[in-house]
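One chain, chain A, links the two complexes that follow: it is found with chain B in the first and with chain C in the second.
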Partner chain A sequence: MRYNRDNASPGERNTGKRTLIRPSDWKIRLNPSRWVWFRMDDRLLLIAFGAVVGVCSGLAAVALSHGLVFLMENLSVFRDYWWAFVLPGIGMAASSLFLEKVVREGAGHGVPEVVYSVSRHGGLLRLRSAFSRLISNCLTIGAGGSAGPEAPVIISGASIGSNISRLFSLNERQRVTLVGCGSAGALSAIFNAPVAGMVFTIEIIMGEWSAANVVPIAVASVAGAQVTRLLQTHQISFTHLRFDVDVISTLAAVGLAVLTALISVLFARSLRYSHHISEKITLPVWVRALIGGCMVGAIGLLLPGVLGEGYHSIQQMVEGAFVPGLALMLLLVGAKIAATALTLGWGGSGGIFAPALVIGSFTGLMYHRFIDMLWPGLSWVNEGCYALLGMAGLISGTMHAPLTGIFLIVDITGRYETILPLILVSALSTTICHVFEPASFYLRDLVEKGQYLKPRTDAKVLADLSISELVEKDCKTVPRNMLLGDFIKVVQESHRNYFPVVDEQTGEFQGMIHLDDIRAYLFDSLMYETVFMEQIMQTDVETVDVHEELSEVLDRMDTNGLFSMPVVSRNWFVGMVSKATLLDKYRHELMVQTMH
Partner chain B sequence: MEMQMLHIFRNTPLGRETLLESAYFCKHLDILPVVYVPGYVKFLMYFENDVVQVDLDGSYLRSPETARDHVVEIVESMGLPAPKFLEPKHFTASTLPDIPVDYDFMCCPRSITDMSSKIGLGYIGPRVRRIVQNARFPVYIPSAVFKPWQSLAVMFGGSANAVKALKLGIRLSRISGFPLDVFTQEGRRTRQDYEDIIEQEGLRDPMDKNVREWRIFETRSFAENLYEIPHDALIVLGAYGHGLIKELFFGSTMETLQSVSPNSMLIVGPNYRASI
Partner chain C sequence: MELKIDEISSCLELPSTTVERWVRQGRIPVKMIGDTCLFSDTALRKWAEEHNLPYHPPGEQQKEKPEGTSESLADAVGRGGIYYHLPGQTVEAVIGEAVSAMKGIESESDRQALYESLVAREQMMSTGIGNGVAIPHPRTPLNQTGIPTQIAVFFLERPVDFKAVDKKPVYVLFVLVAASSQQHLHLLSRLSYCLRDATFLNLLSEIPAPEKLITKIVEFEARLSGGAV
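After this line comes the complex of A and B, so read on.
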């Protein structure tokens, strides 16, 4: 090497030996993950962060609520005009343009994205998701679209949790917990329902109960609810009614469970069907949203109760102040399903939580009036109780989340009198729905695409391993023109049973030889000088690509009864992947994942 | 295992130049090009501790019917076998594919973000910066027009990332056979400091064996001294992890380098694990 010092001064600076502190060293020292405070007990750390994330999520929920109130109040003066049906269209088009052109979000309604992120990518979420859905949801619901504010606020809270963990360089497990904290804090704030927020997060978002997760999530839930109680102006505040539920009313709830299950299936399928129809229309997304919104507006001209998130209707039904008769109730159920399907399927932004509650309460009330009409002599419990049971049935059926359904109702009523029929309806509705819809509305697309990985399952463990981690490279390749005699010497020096055969000129992979393939020639020394590898090698060999998913490789091994397969890239032999190594790595990964 | 380089293809004359650059890089370093022909204007890259959304401009989706033929034609014209095409397997949303991040290199044109007004020199998009900051692979930023490079030039400033860049430069020089030069701008550190760092990192022998010339600039500004870098060199440098405020006021070395030099660059980020 030749040194060349431009304009070197005659007197060399004598610095002597000293310890060099490089900028990168300072950066490492300033990294929050190195601070002593961050190395304290892991659970305390997560609880502290959980509280912070819960407060932030609560603030996001309050901001959304205030935004919704502001828009709804300011647009209400236009509702009486004949052209008011375009308002939801304008709101949905604006929401769609905002998501596509301004924040370039390019994603769905929220909850599936959070589940996907937790399931596949250790809870990584984009920062823009912390605010984008809040604004787009505000535009959609504020203008009259039929959707709920819960999914947007959940992704917002989850994104806050994810980005706080990124800011403080927390590890993947801690990040997933904080995503859960964000989700719980947000849901608990928007509903003022801390237990439901916690249970929903564990049931749907996390997919598992673990001691390490539950406590921080509970703290976040409390923090979120407390923020909303301090600052909230627009929350579901039911009069805490007392319901005297007798045996007959409890038994009659079985019929309601069946009805809510069927309506849940209809609701979920309508949402998907509507989305598929809109996707087939080759118009810009915002134009589709405009059309869909105008259709929602047209429904709203006839039945204004289906517009918006519908909390007011729920309140009336639970308090027994909802006047419409049975036929109109049936019409309202259909109209609300159609309006929600058009809103969410055609480009509006929002969730299905609030619409499910509204549809559920309509269903419960409708069922109560129906049985009361059939058996007028029996003393049924107040119809508000059945509205609550219907809500639980729809939530449980649509989301396959019975505990969320139960605890949400307990949370928002503040009483336990309805707990028996509540459990019955939630459990039966989930079970019946499962027959028709094997996965919940949130997870169905992910499950169909094979993207949902339940924690601590085979698929999850295998997804965290890659072929490149498992490749065994200590394999001896043999040329295709090698004689059997020479091959036997190779076998003597090797501890393997499989030998890849390659082309001596190009180095390309040609096939495999297993020890069984030469057994027939082993004791005939005449064959040693006459048989070449290309004559006995297997050419129809199943190979593996380096980027192939391990679960697929394992499936192929099982299907073909193989214990190992060659890894080949661009016709070049890379190594072998075997079940033995896979099991070894699998156990190690499982230990890592189940340590906490 | 053979190395792979991810290239996002744009079916335009500018995209042809950048693919030629990538193909040339792959050819001389024995790397398999993996080409992604975008089907959507957005994609996500999930790194260990961050998720980066790359927003492409509409030209990346132009003429999809000819895109693959053009890719094969360009790559084969460089004497390489047909490339591998990347088909995203996972989607965060129906129009938002996830692109794997387990490659050995990635080509990020300066214009990978949609700031088309800033396509030329002097701008590295924020997405490219985040990719560099998070990736375990070095990021190749090609020049706007294909120009075969004939040597490697490592910018060595003594930081941890610069050490990684030096190690990478030595490795690439060994594989490609191209000569390697090292350039250092003497600032707060002295030559002895740099020598100590080289010693501490165990790079003394590799430097002696592989580096053709180590130039230490003591006078003039960094921007002025960049004229000394050969016009046909591939510049290898470590990314500076400046904070936002410092970068806004003082700029970054990467920015200065790109605004002055049209050479192709290979940038090493803090998560790259270097070996010789």
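After this line comes the complex of A and C, so read on.
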């Protein structure tokens, strides 16, 4: 997986570059963020923009699903030929060529990119992300690759939100909210599941639950779902089904939770493993995608159910119209995992949402067949219910998002009958997965690189503060050939304990003198006229560069037992950083970040 | 209101890089167009208060910090006054006379408190610093009383044994009362600079007229702030 640093212009964070162009008067006046009733309190503004973003991302979702249907219908005539296995290969190769050469974006899954941009760049995303992954995903899935359309829709919705906020020059907090609105609108549109869209966004994308965010995101969810209901006629809908869940079935769900957790771990690991393998192959990306796609196609020749996003099989399973027995179910689970790992790991573009749902329903059905075989006499709830539970378990397990699992199922069934086992499976599955996988599939790579910064945490505060904001500049520098006697006069006038020594000709930093270093000679007037600064100064000082990350600087302070360090940039002394000032600034930052 | 970024950061007593970042991240109710910051004064004041940050808009007078170290010795002596022929045979009697002669003490209870703290200080350890000079002072500043910072100089009618370090009887008192410890130390260090000097001691032994003594003190202080410490 690759993260596009280019998504955010690199200068934006470090140098805080300002736009020097003064916008013309009409632009200022027309900018809604400057209208009087929006300026003092931006809640109304965000709600209004949230609705707009929700509608736009809903449209993106509808466009993608129409594109998918169109491609699948037109390609289905070729499905019966023996060479049909190359179709996914061609689709994936085209998709990766499009991403690499035409729009020049990494073939990420979408969601991690959005999380990364929210966590590190205040939600900055490129405009082309709004459509690039829609097209590549259409090519991948339309041709039969095993992937989901959700992640591409989420990144395009998020990018729409980000670019709308850039157009109206909103600030980072507002932009992050609109990015969330985009992703919520997109998800709620593609699943026709407004609550799931909202919960997923808050659980995965935003990482925090604050009133200022929730309201616009909810509005965007509603807008997205409404767009899809108006424009799309075919949806997954199980509203006509009835499930009578009794105590035994609820208890049996515990076993299912364990099973889904294990399969989630297997799924996440095989995705990463397959990606590592494909990275070791030194072939052009599109050739790799072609090979991977052909392998997927080969699996599809034997088991056609694993191809595509798989909503059709989900529908069958939930309605109880799926025939295969226990052994075949086990094979299907394995095959779907393999096909998804090959598709996503070898260059296809798409998300894991739909595959996780398919694997989950396979798992649920498999578990139902298994317990039915063990205790045939008991009256189990129908198998569709277990398919739903399996889906919730897999979503919760792979994404570490129990609430998303619960509400997605509630949303697409429109009923609360399954809620008890649903909560049980989701909660247990997440907990068990947490033991094996410390972070969710989406965040794993970000966490490993230290790039995932949850809002309102120590890491976020430290990452936001820069050395240049902390440096204390009231230090008096002394030249290297100053006499101790003269230095003592400097000490009397200063209120610091550290004195940097510089070369008087070049101005370069030479070393540091601490009051402790001269304490022994303070009252020795003979030394006053005989000792120079360069004889007393310490030269092996740990120094800090202005651009260093604060967390690293603190680590160095801790390992060396230091309370302050000189900041030296290109051999020039800039000032001091000390833990005392840091505490002060850290508190301010924490208060500003945590109180809205 | 409209201000430049460096002006607003000095209002908030923060580095301008921090303010700029906060504006960009939307953490502060300020809008930036180019390098001009737009904000509502009341909103920003409320925000600063909520976040425990200082806020001084340019028009507003900054609260002056209590300056403890700028007081000059000559002013303090001028405020305290110079007295001659102070009667008394013992330390307590002399101090009692001195306190009752001092100006600027509003109530009798303040006078009593000052007397008690001066005597207590003498009992702990004599303030006779040698060469016939004593500097009676309270140990802790008497903030709760309204006594202004001052040094009152008393030439005694006849020398009194103050149990000074050099056993010489004391003939002149510098009663030092300060409103804060900082002022106390500052005045004490200036006074001790004068009292270390032989010419100053000679002048004292002549029991000079008030103007002469003040002129000498001003001369010494000028030397002190001249840099050669």
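Basically, the second predicted complex is superposed on the first by the 526 of 596 C-alpha atoms of A that agree within 3 Å, B and C clash if a C-alpha of one lies under 4 Å from a C-alpha of the other, contacts with A are read in each partner's own complex, and residues count from 1 in each chain.
To be clear about the criterion, a contact is a pair of C-beta atoms (placed from the backbone, for glycine too) under 8 Å apart; a residue touches a chain by one contact, two chains touch by 3 or more.
Bear in mind the structure is a predicted one, so any value in this text is a computation, not a measurement.
**Q** Once chain A of both complexes is superposed, is A:His312 in touch with chain B (first), chain C (second), both, or neither?
**A** So A:His312 meets neither chain B nor chain C here.
**Q** For A:Lys101, decide between first (touching chain B), second (touching chain C), both and neither.
**A** neither
**Q** So in the superposed three-chain picture, is A:Ser468 touching just chain B, just chain C, both, or none of them (first/second/both/neither)?
**A** both
**Q** Return first, second, both or neither, reflecting whether A:Val574 touches chain B, chain C, both chains, or no partner chain.
**A** first
**Q** Once the structures are superposed on A, label A:Arg126 by its partner contacts, choosing first (chain B), second (chain C), both or neither.
**A** first
**Q** Which chain, chain B or chain C, ends up touching more residues of chain A in the combined arrangement?
**A** After superposition, B is the partner touching more of chain A.
**Q** When the two structures are overlaid on chain A, which partner does A:Lys454 contact: first (chain B), second (chain C), both, or neither?
**A** Touch status of A:Lys454: no partner.
**Q** With the two structures laid over each other on chain A, which partner does A:Glu113 touch: chain B (first), chain C (second), both, or neither?
**A** A:Glu113 contacts chain B only, not chain C.
**Q** What is the contact status of A:Arg166 with respect to chain B (first) and chain C (second): first, second, both, or neither?
**A** first
**Q** Between chain B and chain C, whom does A:Arg229 touch in the aligned arrangement: first, second, both, or neither?
**A** The answer is neither, since A:Arg229 touches no partner chain.
**Q** From the superposed pair, tell me which chain A residues show up as contacts to chain B and also as contacts to chain C.
**A** Residues common to the chain A contacts of chain C and of chain B are 16, 20, 22-23, 466, 468, listed in rising order.
**Q** Which residues, counting only chain C, touch chain A once they are in their complex?
**A** Touching chain A from chain C are residues 14-15, 17-18, 20-29, 31-35, 40, 43, 50-53, 229.
**Q** Across the complex, what residues on chain A touch chain B?
**A** Interface residues on chain A, with respect to chain B: 1-9, 12-17, 20, 22-25, 27, 104, 106-108, 113, 116-117, 120-121, 124-126, 128, 166, 169, 449, 451, 466, 468, 471, 473, 546-547, 549, 569-570, 572, 574-575.
**Q** Contact residues on chain B for chain A in the complex?
**A** These residues of chain B touch chain A: 1-2, 32, 40, 42, 44, 46-47, 49-51, 53, 55, 81, 84, 89-96, 98, 100, 102, 158-161, 189-193, 196-197, 200, 207-208, 211-219, 225, 228, 241, 270.
**Q** Flag every residue of chain A that touches chain C in the complex, lowest number first.
**A** Answer in residue numbers: 16, 18-23, 28, 33-34, 39-40, 122, 170-174, 464, 466, 468-469, 489, 492, 585, 588, 591-593, 595.
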